[in-house]
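Quick heads-up: structures coming right below.
Shared between the two complexes below is subunit A, which pairs with subunit B and subunit C, respectively.
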Partner chain A sequence: MTLTSEDSMERRIKADVGSGNRRPGGPRLRPMWVVKVGLVAIGFLVPLVVTGPYQRHLVVNAAILGIFGLGVAFLIRRLGMVSLGHALYFGGAAYAFGAFSTHGGLDIVPALLLALGGVVAVALAVGSLLVRSRGIAFTMLTLAFGQFVFTLAGLTQTRSVTGGDDGLPVRMNGTLLGLTVRDFSNPTTMWTICWAVVTVVLLALGLIGRSRFGKLLEAIRENEERVRFNGSNTYLPVLVAYVVSALVAGIAGVLFALYNSFLSLDVLAWTTSGNALIVSFIGGCWTATGPLWGALIYTVGNAMLVSGGRNEWQLYVGVAVIVVMVFAKAGVVGSLQAQWVRRRERRQPPVDLVRTS
Partner chain B sequence: MVLTVRDVTVRFKGVTALEDVGLDLQRGRVHGVIGPNGAGKSTFVDVVSGRRRGGKASIVFDGENVAGRSVTWRRRHGIARSFQRTSVFPDLTVRAHFELVARTLRDESVDELIDALGLGPLLDRKCGQVSYGDQRRVDIGMALVGGPAVLLADEPGAGLSRSQSLELARFIRQLARERDMAVLYIEHDVDAVFEVCDDITVLNLGRVLMSGSPAEVRQDNGVRDAYLGREG
Partner chain C sequence: MAIQLLNALAYGSLLLILALGLAMIFGLGGVFNFGHGALYMFSAYTAYSLSSAVSFWLALVTVPAVLALVGYLVDRGAFRFLRSRDPIELAIITYGGALVVENIVVMVWGTQPRALDAPAPFNGSVSVLGDPYPSYRLFVIVFSLAVAIGIASWLRYSKMGLHVRAASRDLRMTAVAGVDTDRLNAVVAAVSFGLAGVAGVLVAPYATVSIDMGARILVIALIVTTVGGLGSIGGAAIAAIALGLIQVTGDVNLPGWSALTPYVVMIVVLIVHPRGIAGRIET
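On to the complex of A and B.
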């Protein structure tokens, strides 16, 4: 027996419309891929357009903050979970890298790998406790863990490792792909590295999003109980997503340490987590590249207002967040994308006859 | 019996929602549960499916008491449930819904189920964009993936027209016969229940009022007084 509805005619129309509306993938996706590859290539040429050393410094900072934002936004986009404690992984990776290099005397590559391995281990341990909670409880617990580590790093007992309030000058040894510490402090070189990392992170997060795992995360976000009633464990996928998100934040932290060669406790503070969250919302955490644009707007805006002698920077940030939340809830990129989609739909004839009752 | 439920008792802050409720489900048969609003029908399904603990309840599935098992365990071992309120994932395509469950339960014959549900033409549509009736089909379809031994159908016809609801009820009975599956069928549409069910349990104020064949239930004076009405 086959189940049919009363409106079999409508169903046949749906079938016709459905087949017409399907996206077979190949022919329609290829131009998008060409555009994406083109944008990646253009990204490497940014230093040709942004010529001033200070401006280059700004775009490098924006890229690092943007990568951090991508990690935070991944958790929001895929699971609807807001973290206020990812500075634990950003600053933690930066300090781990700095400590392995400076105190341990390790070369850049092993120090970097150990720092990121440490981020994964800590994220697994912390995440195994945190991901049982949802909503505001999750957010507050991330804040608590983040602040715990921030306080720990400032204690007299840990001062020999972190440098305490004096900060930690990072002494790097060896090379990475032939690049030395001098190269890492050069904004032009660092931009190339950051852009390459941005590309890889975007690609990886995109692949995760399209995979079965990504769809499972989406299903958990929309109705976790239903997923369990489908026979799927929801704890482990959420934990893995949390670790992925922490790893991306950790990668941004290592880039920060490589570029600045100096770390202060600020990188572990909850305000650093807040900055990543703010750029995600300003740019649009529901889009793939939103946090990157948000970071650019945030960093450039900060520089412009501070250099103009207006030190009420946080006031302007607050106003910007309010404006975005009220007039463009999906963030700047998200709203532009939505507008573009609406305009494209208006141009197309109304062929969709599927009821949405 | 594939599933034997006994002594289900649920209390909410002193109010008794269910008191020592039990029933038996057999493969290939549809067991209806009817009763007025607040009788405890959905609470009973919650207990059997693992969503809620049922006091000292015993839920014996294929010889094992599964009362302490999680919903995930129960689903993987053959106790599936559909929901009164449609619980699909609006941003996922219809295809993705079935793929997710099919992969988890390692069911490779899901295409046949999709055809039987008449969802083939909608596979690439996001579930939030299809009609409510089609969402109901997806909801029930997800519960049928993996060929469960027991289907707990909590008001599958909710929100559908009477004819659609009846058609769905007949489809579920057909599946029960073809797949040798036991179905616990909760529905407000009494006509549909009497038409498709082999056995019926009537709940009233959290207690079993009567259990028997549709004919026995229809003629029971207690049931007529409490639920069906003298004209029923």
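On to the complex of A and C.
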């Protein structure tokens, strides 16, 4: 306990020193925003660079997995809570969307809204039971809830809804923003949609992180008892954060259903939750965009290494997870960022706030 | 009814062996070993090959022994240096390990499920209250309960067991009192790996050997460990047998839905006794 708070104290001091460097006057912050807006704009142009249809398919898959990872990483980054059950929301939203449009005959928009509304409702119910636990207990309970739904979806009794092991071909009716099924299965169109969603999700999660609510979450992560001692409720904020993270996973699930128009039980399996976790950790779940990069590395690596029927992908992933966790637990993006900060600090040593005070 | 009870006992005692292995590592370092299911599956495949080539009984002796040695070496060679890390990070490292082991099994044996006949003296059936019952299942019950009792008495009566129990309460204090906790951790890892080996070998002639068997049973064993209360072998035993009973009777009366019972049990326990579960796990 003392160890972690000392660590966090050091981190906070470092953060203060860092921001003190950047802060003078405000105008220096603006170039960063220009860069960010520029990156978002460049993102829409990715299909100009990535020209092959298969390559475009890969980046769309990476974007969907990345959004899913962003949802899972949000809980880790803000609260230090690792969920191994978010396939419940990813696959659940996908299946709900599929069932509402295929069996219910609903148009895309109402089916989508109902699916995401369902995710929020389920996340509230499940979360109200889960968020009292912390640490590994939380991880284990999320795993159990995820497996509950996975098992439920695979039962013969629910086969008429989920299609069981045969999978569920999704029949979509109507249009969304003038787009139809044909457009959604086109990787070029889907990339534009996914990138827009990535931008919105990044912006929303970033704003939440910077808000008072985000600070409260971090305070809970560092020392929940003290937050409670200060008079703040710690149950509700954690529940809200859990629902937000589930909603992001659900959005990724709906995108998955739109793009593939076919669902199999795999999307609910705990290995799907595990993949989201893996891309978050490989990319770096302590950074804003880490999960996206992790998803890109994962998807492209998978395509490059799995060829000719050889099945050694899991081996590479397993080794990569171990290596990253043991030697660079900040992830790829996190480690690069740390390196960059260190180099900049060496060039212009910060004012020694710690020792002079 | 007697048949159902025996089936429940057989399934429950296998779960118990697995849950014991999980709970022991967990109790000491707070690390949940996601590789446990993969080790169990690996042992089942090894038992399949050894039984076909030489003998099942050789597998029952050597596989757990070799796995125990591997556990000891992995702890001494790797986990010893990572002990200061957050338990959740270690859990994710074991998750990576599980992927590696699973892939190795796929590379060696392929993805096809395998089935193994019960070994020589137990390949028949005996009469239980007039109904025939496969004698191998009786052997599974007796053997795994014997192993569980052996582990329980080791923890209860040996000096090392005392140290393990003390370290599960407070690792640092135990080290201060002069116990070599590094060695203790390695021994516990060895026992835990060995137990996964025992369960894997025992299950090979009992159920189909397949790639996903490890991941499937891991979650159930996890539920047993949580519901029973960590560190309490008696609790785990009761939870394992009860879960086996609920599942087996459920299979008969509510086919299909019964697959959900472990999760329902866990959720109910969670609602009725939330602090109990979380509190026990976190310490």
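Simple rule for what comes next: the second predicted complex is superposed on the first by the 325 of 357 C-alpha atoms of A that agree within 3 Å, B and C clash if a C-alpha of one lies under 4 Å from a C-alpha of the other, contacts with A are read in each partner's own complex, and residues count from 1 in each chain.
Definition applied: contacts are C-beta pairs under 8 Å (C-beta built on N, C-alpha and C of every residue); 3 or more make two chains touch, one makes a residue touch a chain.
Everything numeric in this text was worked out from a predicted model, so none of it was measured.
In the superposition on chain A, no contact is made by A:F44 with either subunit B or subunit C. Of the two partner chains placed by superposition, A:F262 touches none, neither subunit B nor subunit C. Of the two partner chains, neither subunit B nor subunit C is touched by A:Y54. Judged by the touch definition given at the top, the superposed model places A:N230 against subunit B, while subunit C stays out of reach. Looking at the shared chain after the overlay, A:V82 reaches subunit C, while subunit B stays out of its contact range. Contacts of A:R212 after superposition: subunit B is touched, whereas subunit C is not reached. When the two structures are aligned on the shared chain, A:I322 is found in touch with subunit C, with no touch to subunit B. According to the touch criterion, subunit A has no shared surface contacted by subunit B in one complex and subunit C in the other.
Residue ranges of subunit A in contact with subunit B, taken from their complex: 1-6, 11, 14-15, 18-19, 21-23, 212, 215-216, 218-219, 222-223, 225-233, 352, 354-357.
Listing the residues of subunit B that touch subunit A in their complex gives 49, 51, 70-72, 75-76, 80-81, 83, 87-92, 96, 99-101, 103-105, 115-118, 120-125, 128-134, 137, 142-143, 145-146, 161, 163-164, 167-168, 170-171, 174. Residue ranges of subunit A in contact with subunit C, taken from their complex: 80, 82, 129, 132-137, 139-141, 143-145, 147-148, 151-152, 155-157, 270-271, 274, 277, 281, 311-315, 317-322, 325-326, 329. Across the complex, subunit C meets subunit A through its residues 30-32, 82, 85, 87-89, 91-93, 95-100, 102-104, 106-107, 215, 219, 222-223, 226, 256-257, 259-260, 263-264, 266-267, 270-271, 274-275, 277-278, 281-282.
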